[in-house]
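Comments concern the structure below.
Chain lettering (A, B, C and D) follows the sequence in which the chains are written, and residue indices restart at 1 in each chain.
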Amino acid sequence: MIVQLLVSGIAVGIVYGLIAMGMVLIFRAVGIMNFAQGDFLMFGGYFAYTFNQMLGLNIVLSLILASLCMGVIGVIFMRTSYWALRGAQAKAIIVSAMGASIVLKEGARLIWGSIPLSLDKVKEGSVTVAGATIQWQYVAIIGIALLLMLLVYLLLEKTFVGNILQATAQDQYMSSLVGIPVIVSIGLTFFLSAALTGICGGLLAPIFFLSNTMGATAGSKAFAAIVIGGFGSVPGAIIGGLIVGLVEQFGGAYISSTYQLVLIYVVLIAFLMFRPRGLFKEKIQEKA
Amino acid sequence: MKKRILVCLTAAMLLAASLTGCGGGSSDVIKIGLTVPLSGDRASEGSYASNAAAIVEQEINDAGGVLGKQIKIEIQDSLGTDVGATNAYLKLAADDDVVAIIGPDNSNDNIAIAGSAESAQILTTGQGSSPTLQTTCEESEWMFQLRACDSTLCAALMDYAYNEVGAKSFTIIHDTETASTDQANLFKNAIEELGGTVDDVISYTSGTKDFTAQLTQAAENDSDALVMACLYTEAAIIIQQTRDMGIDKPVFGSNAFGDPIAIDLAGDAINDVYSVTAWVPNTPNPLGAAFSQKYTETYDEDCAKAAAQVRDHVYVICEAIKNAGTTDRAAVRDAMLELTDYEGAITTYDCSRRGNCGLGGLIVQVQNQVPTIIKEITTG
Amino acid sequence: MLQKSKKNPVSAMAMTAFALLLALAPVATSVYTVHVISVAMISYLCVLSVYVLLGLCGQNSFAQAGLWGVGAYLAGNILLKTGGGTLTAFVVAIAGTALLAFVLGFAFFRLKQYYFTFASIGLMTILNGVFMNWEPFSGGAVGMKNIPTFTFFGWQATTEQSKFYIVLVVCIVATVLIGLLFRSSLGRAFMAIRDNEMTADSMGINSLLTKSIAFAISGALCGAAGALHASLSGYLSYQSFTYNQSTIYLIMIMIGGTISPAGALIGTCVITILQEGFRSLQDYMQLIYGVGVILLMIFQPEGILGGGKALYERICERRKKAKAGSR
Amino acid sequence: MNAFANAEKKPKLVLVDVCKNFGGVTAAQDIQLEIYSGEVVGLIGPNGAGKTTLINLITGVYPVSRGKILFDGREITHQPTYKRALEGIGRTFQHPHLLDRCDVLTNGITGSDMAARKRGIQKVDLAKELPRLLACAGLEGINLSDPVSKLAYGQQKLLEVVRVLLSQPQILLLDEPAAGLNNREAEYVSALIQYATEKGIGVLLIEHSMELVMSVCDRITVLNFGTQIATGTPEQIQSNPEVIRAYLGGGDSDAEN
């Protein structure tokens, strides 16, 4: 029983972590929370469906193609609904991201229809460990997610491109003075974030099935993950995601299965109240 | 600066265009209103309904229409909320050419509409199957529940489970959504009346995707059988996760478990699941089989219950209009009350009851992806 | 020399003209349009609550639809279970929601800027979960039905038109009160917090208390909207009190313009007309709505009213220059 | 020198051994300061000496690491910022903190709002007080309904002083009011300070322009790297070798200018 909850909690949690990480990358680069991130997940899932079911490609190849397409969509999203609003107030950017989220939802419904769809699993079947049957798909999700996190870590910390992204995130004005093409760097950040989130769509689809409104719940759980993990910290987002996944599973089993979704947000508010800087972020000091 | 003016102009133009869009109908067409969610979480139900409406409208008009006039099915999006459904309903009711209105398949929306039906005074048919809607329709002057109510169907399924399959103890898992909650209560009462035991009733918030928590709880009870009341998508997910977790107890489900949407999604995990439903695409009913085949030919997908229901509702309304001989709303409603034995694609209808008008239901088991009928039940 | 800062003429004219137009509506149009306008006016109250919280006080909340629900269910309980009249239902709904908002405000506003927004997202989901599952309070998923319509001392509002006028009166009263708030010292304290919390502190404004009062006032407005919705539609279901509904209110105020109540009015009208007027386009309606939101934010981040105001000022300047030039 | 600066009256604001350190860095070390009502105390020192930090300590933006702050004899060391403001401590900022989305009149009225919030003082007669203050600040020509963002930088700084004066403070903390102002505008600053002292307001003036400081202040205290190196009348400070070294970095070539 516990093992079962643990595995599915980690698998789902790590996906929330990936979405949260995508959001944090965008937040560190441009300073706003992307309210359409949940819909990147949904759209990525539909792309994976197109490659896997419609064109019959192998699932892993479809996932990779889907995340690349999703990256392009991320850049288009940046160019249309964010770039023109760079100077505007945060609330205008938030609302324009909501507009984009509606467009993505309706676009998906018009292109792929509103009937729930599914696609192949990375690995069929399941394995029994200590009396609990675990699906290979969950194991695949955890494996791929860890791989992605490693890649992102290497890209950001170790490569030249990574330094450029970090520089733009720290100070756009300064990096433009130094000669970094800021629009390219921010575009790359959006590409990376959308690709990361898009691949999660393809991974979740075989278990939770694709519908054009699945983005909203995933998006708000990723919010919870970011706040719990520590606002703006990448490792924090991942750990926060795991906590959300585990709270969802264990809360649902032991506390109350009816209020399962509500529990996550009770934990979110508890963190906000008693540890606003989350687990990882250093103290936020406001200067006079 | 020019850009700003340009946007303001387009906004103004959009507004003007929208205002002229509504109102004005010619009198030589009989309109039947249909409010279904075309957007929002239950958009799939809306797409089946609008597809079926197109076929039925074509069928009836080719056969000479009604009272010598062509019919037109006017669809309005209920946006998946009760406020949206009421707005859509009132829009249809305001159009004088509309003779009757078909409500959506969601009980909440139908109950919301019932209030407006009294003030709009127009024949309204609800697709919901919950007992709450049945009492609302029985108390209403203008609203009919053109469907077999869950109360008798759920009891029949439990009777089958208890006596024929031989399960004695049950664990019930249900969505907190209205229809599923009603079904769960009906299952519970039926089991207790039969003398069986209900080990546990576990609910989940609608929209939940991961049921590990609920299923692990259910597995611990080690009951003879599981009973599930869910909607389409969740039905497919929960049955897949049940089998993946190695729980191979017999499963008795609400109508969603016998529906093509869930069957396609769940794959072979849904095999040998029992469910009680009013409609299966490969129905022996001659009218039903014809419609189902025509639907599959036109849209290349199985004909789900939501489609067959719209077909029956439109035909029953047309029958009432024919008997009334006029498009006067009150006369059509009265003619509807006389229809006691109308043969539809899904089942026969006795509209004089106002609620629970569908007379028949089916106990179905999914055998390698095909919902096969095991027992026919009547709600007489 | 010291005349009160004259209210922006553009929004003042728009408001009075609109009030007149609305007063005539029930006579001319069909039951459907009257009902849609009533529903739109109820949304206007909620958008007004976003104006008070975001436009005046600079705090962005996603829980407004939740507060609207609390008001609706409180009124529903009073009308159904205790048999109270519409007035008691109104008072309880407004006071109850305002009190809840005030207490939550005290808890949430200790947090720095956008943290409050996250707390409000959490609150919204919790409220929706409570509406869906807490039987005694909200009737659970089935919701509350047969809620009696407005009854004042024996007189019942049965026709759609009479309900319309009651909603209109409440909206006008609320708008006038918010207009007064805009010019009061409390309103100025809100604006001080909006523009710079550091300045507000140095001016002796207890920002925690003031922000909680702003949240309470916005809660009161949502409570009133809830009480109106309960009696107007007679049925309450958790489906309409969702996070998505809160985002619609935010979009309405942003499209209208956050600088004055007229922005809330314009935003509500534009979105309602887009949603209802474009029913004929069915499938593509939501897509157009989404694209429209993005376009408006890009070209008009200050909202239609913001644009109108800028246009108005530019015209004045041109006229002044022309006058100066000709002299 | 005006009549208020005599010994036997109790000081309005007293700082006793106030210290503040951020981690290892000591921003303020054993500061002793007394401000009498109607008196102007200058606070000068090179950049980074801890002047603004001191104001933030008095107004409670930063908590004090050690020491006490007394106002009217009562200890306010641990009071939140808004309570200290209501006690009667008004302050301006180095860069003007105005309500930049409101118009000039509203900014002015927020000052009198603050006065209304305090107990025990009569209501400010805005119609008479505001024009007088605006004239004193040389702002009588501006249109009251213009948005604040339209004003010139100097005008914004003067307007902020007007707003704080409208709130009837007992202690006025001015953080470089003349910085970025031309000579004509600097004269308005001294006019406003004159207005304040006539009203019995104790003024703490942080300023770099020696000309203004020397002409207006009754007493001056000098800060360098967070420590008080000298306190006295303008004349004593001008000739104090410690001060000169701190300012000119050791060389005393232009001591006699």
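Throughout what follows, contacts are C-beta pairs under 8 Å (C-beta built on N, C-alpha and C of every residue); 3 or more make two chains touch, one makes a residue touch a chain.
Being a predicted model, the structure only gives us computed values, none of them experimental.
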Taking each chain's centre as the mean of its CA atoms, which one is farthest from the centre of chain B?
-> D
Any chance you could check whether A-C or C-D wins on number of contacting C-beta pairs?
-> A-C
The chain whose mean C-alpha position lies nearest the overall protein Cα centroid is chain C
State, to the nearest whole Å, the distance from the C-alpha centre of chain A to the C-alpha centre of chain C.
-> 32
Chain centre separation in whole Å, for chain D relative to chain C (CA means) = 42
Starting from the mean Cα coordinates of chain A and chain B, work out the distance between those two points in Å.
-> 35
Can you give the whole-Å distance between the Cα centres of chain B and chain D?
-> 74
Junction residues of chain C - those touching two or more other chains | 129, 133, 198, 283, 286, 292
Counting only residues that touch at least 2 other chains, which ones in chain A make the list?
-> 106, 258-259, 261-262, 288
When you check chain D against every other chain, which residues touch at least two of them?
-> 61, 93
Chain C contacts chain B in the complex at 30-33, 35-36, 39, 129, 132-133, 140-143, 145-146, 158, 160, 233-235, 237, 239-240, 242, 270, 273-280, 282-283, 285-286, 292, 295-296, 299-300, 304, 307, 310-311
Touching residues on chain B, where the partner in the complex is chain A = 39-41, 43-44, 46-47, 176, 202-205, 207-210, 212-214, 216-217, 219-220, 232-233, 236-237, 240-241, 244-246, 261, 265, 267, 301
Partner chain C, residues of chain A touching it in the complex = 33, 35, 80-81, 84-85, 88-96, 98-103, 105-107, 110, 216, 220, 223-224, 227, 231, 258-259, 261-262, 264-266, 268-269, 272-273, 276, 284, 286, 288
The chain B residues in contact with chain C across the complex are 3-4, 6-8, 11, 14-15, 18-19, 21-23, 38-39, 75-77, 79-83, 86-88, 90-91, 93-94, 107-108, 111-112, 114-115, 119-120, 132, 136, 176-178, 181-182, 203, 205-206
For chain A, which residues are in contact with chain B within the complex?
-> 1, 4-5, 8-9, 12, 106, 109, 113-118, 126, 128, 132-133, 135, 204, 207-209, 211-214, 217, 248-253, 257-262
